[in-house]
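Naming follows writing order (A, B, C and D), and every chain is counted from residue 1.
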């Protein structure tokens, strides 16, 4: 363990957690894309 | 003066309806009593019951209020009485305040025996005075009644109103449940830090805001042709 | 003094026009017979005139004031009687009357009113136990609480036995005697013609025929 | 406002893609006699700019931005979480303002905007709530905490979902408009009161982050993401409003017919 890392552990820095980051960005995209799709889906077709 | 007299006339009519059909009130009482019993069994053990007594009272009241609000508007739409009231020379604000006041009284009529029952079943400590408890119960019931009356008026105009009512009502009264439960707990368990005033103040502000604002919204939605 | 006037009164529900450019004129103290098949817009017209519905086009005035704009003041003098009886099922007849009166700041003679519609002696029975005819009579008494100047009556003679019709007829005569303006919607032209001078026939929300009430019978018979 | 030095704006692949995309779009737009499908309406420009900014902002958030001093990599969630929080607030504030405006003026467009803003707000609010929970798990150790902002956001979301439910259950347009607006105003007030009451009850959440409390390299990334969300929000709102208008036009009443009785 490098001195740098040791200092981080002692100071309570959160390490790792890329899973959560990926999940958060995915959630953002899923909801946005899903919502846009629903807008498109609900649009009345046939006229104009 | 005339306004107050009319409000009291609406309240009298509501209470007379409750009086002529006692099954409505007894139904509410049995409902909340059964809920109190069920809640005790849903707890991890008998030892926590004194701590959750206040919560049991307010949970019972909120759930009972959805029933009583639903009932109070069902009698109005049954023979078109609500439209009749709008066409009667009585301001919509008066209808709102009368109905809300009557709903608050009905809730208090449920609250008193319910509190007694919780005392019997849950054995909470009682450090504060009965007057304090009464003030908290009154303010809390009024804080449930005013937004409840408005929301019930909104819900009755939609399909499936009794299912819609809690959907609109519960998020609205989160602060009431929180403040009333805190205040009740502090009254029951003693208040060494003197915090009960803050919660009562919150209830008071909530009451004031809803008893003034909701009447305006109510008149807007019932008298629009 | 001008009574009830409507100019191009129109109302829609959703995207359907149920009342189209209806022009009416009822002189004060006179009666108008409103005829027409089911769904022709009679009830909607009455509800517009009673300020229960806001017209989407056109205007209606009573004694010179716009009905919708001055609705809060005018509701004191307008009575709408329809299949919605406005009654509280769990209250007795007298309680219904006294509660409604108190809510409008009226002080009527409740026993006299009940006697007027032939309901004395119904005691403390809740309205729930009443027959349809009794409810109609009680609703009539409820309208009389207001001492209305404009009476809008939807199907006055439905659900009534001959005796009940007698009562309703008596009350209508009395109201006309007091100078009230009447609008009666009915299928039975012959029964209504007694109280009205003019008649109007609605079809698809429009006025299809207008003429003296005495001739109205034939129109219905032809249809 | 202090602009960051030029070195703080490195040409990242994300930005390169974004700039190229904008250039291509602009060129196509200028050249085309008729408008391309992705620029059919004026709001689509907002959508495209928003999309580019979002791609760039998220790339910067994931790659360029330094690790947060206390939260490490997890701090990168903030670049999604904070902008969505801002825009959710904007959406629901607009909903409330539109609702008040509708009750005062009675304009139909405002009613359609109430519906649109509420729905877009709910969509963004879901992003906010979920990313917030994903942020809470590694930093606080739990997905949920009884913090005023968490609770009031959840209450607000539930309220507006309730309002949209109410709206879907009503058929008469005039009645629907009135009740939706009343419900939206109630939902907004309930959110405000909930916030303060829960804050009294218990407070654990850090104070609101503002550019003063956040390290400067983060500010730029945060800003880009916030503008991305703002542009996308505008696009979504206008799009949703067009949808509402199209649906309303479908069952709009025909003009008042003549007084002649149809044969």
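To be clear about the criterion, contacts are C-beta pairs under 8 Å (C-beta built on N, C-alpha and C of every residue); 3 or more make two chains touch, one makes a residue touch a chain.
Just so it is clear, the structure is predicted and the values come from calculations on it, not from any experiment.
Student: Report the chain closest to the protein's overall CA mean, measuring from each chain's own CA mean.
Tutor: Ranked by how close its C-alpha centre lies to the overall one, first comes B.
Student: Find the geometric centre of each of subunit A and subunit B from their Cα atoms only, then give the gap between the two centres in Å, rounded to an integer.
Tutor: The answer is 42 Å.
Student: Between subunit A and subunit D, tell me the centre distance in angstrom, where each centre is the average of that chain's C-alpha atoms.
Tutor: 16
Student: Just how far, in Å, is the C-alpha centre of subunit D from the one of subunit B?
Tutor: 35
Student: Could you list which residues of subunit B touch at least two other chains?
Tutor: 224
Student: Touching two or more other chains, which residues of subunit A qualify?
Tutor: Not one residue of subunit A touches more than one other chain, so the list is empty.
Student: Mind pulling the subunit D residues that touch 2 or more other chains?
Tutor: none
Student: If you go through all the chains, which pairs of them touch?
Tutor: Once each pair is checked, the touching ones are A-D, B-C, B-D, C-D.
Student: For subunit A, which residues count as touching subunit D in their complex?
Tutor: Touching subunit D from subunit A are residues 8, 11-18, 20-21, 23-25, 27-28, 31-32, 35-36, 39, 42-44, 47.
Student: Under the stated contact criterion, what part of subunit C meets subunit D in this complex?
Tutor: Subunit C reaches subunit D through residues 8, 10, 12-17, 20-23, 56-57, 203-204, 206-208.
Student: Which subunit C residues qualify as touching subunit B in the complex?
Tutor: Residues 50-54, 68, 72, 75-76, 78, 80, 82, 84-92, 95, 99-100, 102-105, 126, 146.
Student: Residue numbers of subunit B touching subunit C in their complex, please.
Tutor: Within the complex, subunit B touches subunit C at residues 2, 5-6, 9-10, 12-13, 16-17, 20-21, 75, 78-81, 83-91, 98, 224-225.
Student: Contact residues on subunit D for subunit A in the complex?
Tutor: Residues 58, 62, 69-74, 76-77, 80-81, 84, 120, 123, 126-127, 130-131, 134-135, 137-139, 232, 236, 239-240, 243, 246-247, 250 of subunit D touch subunit A in their complex.
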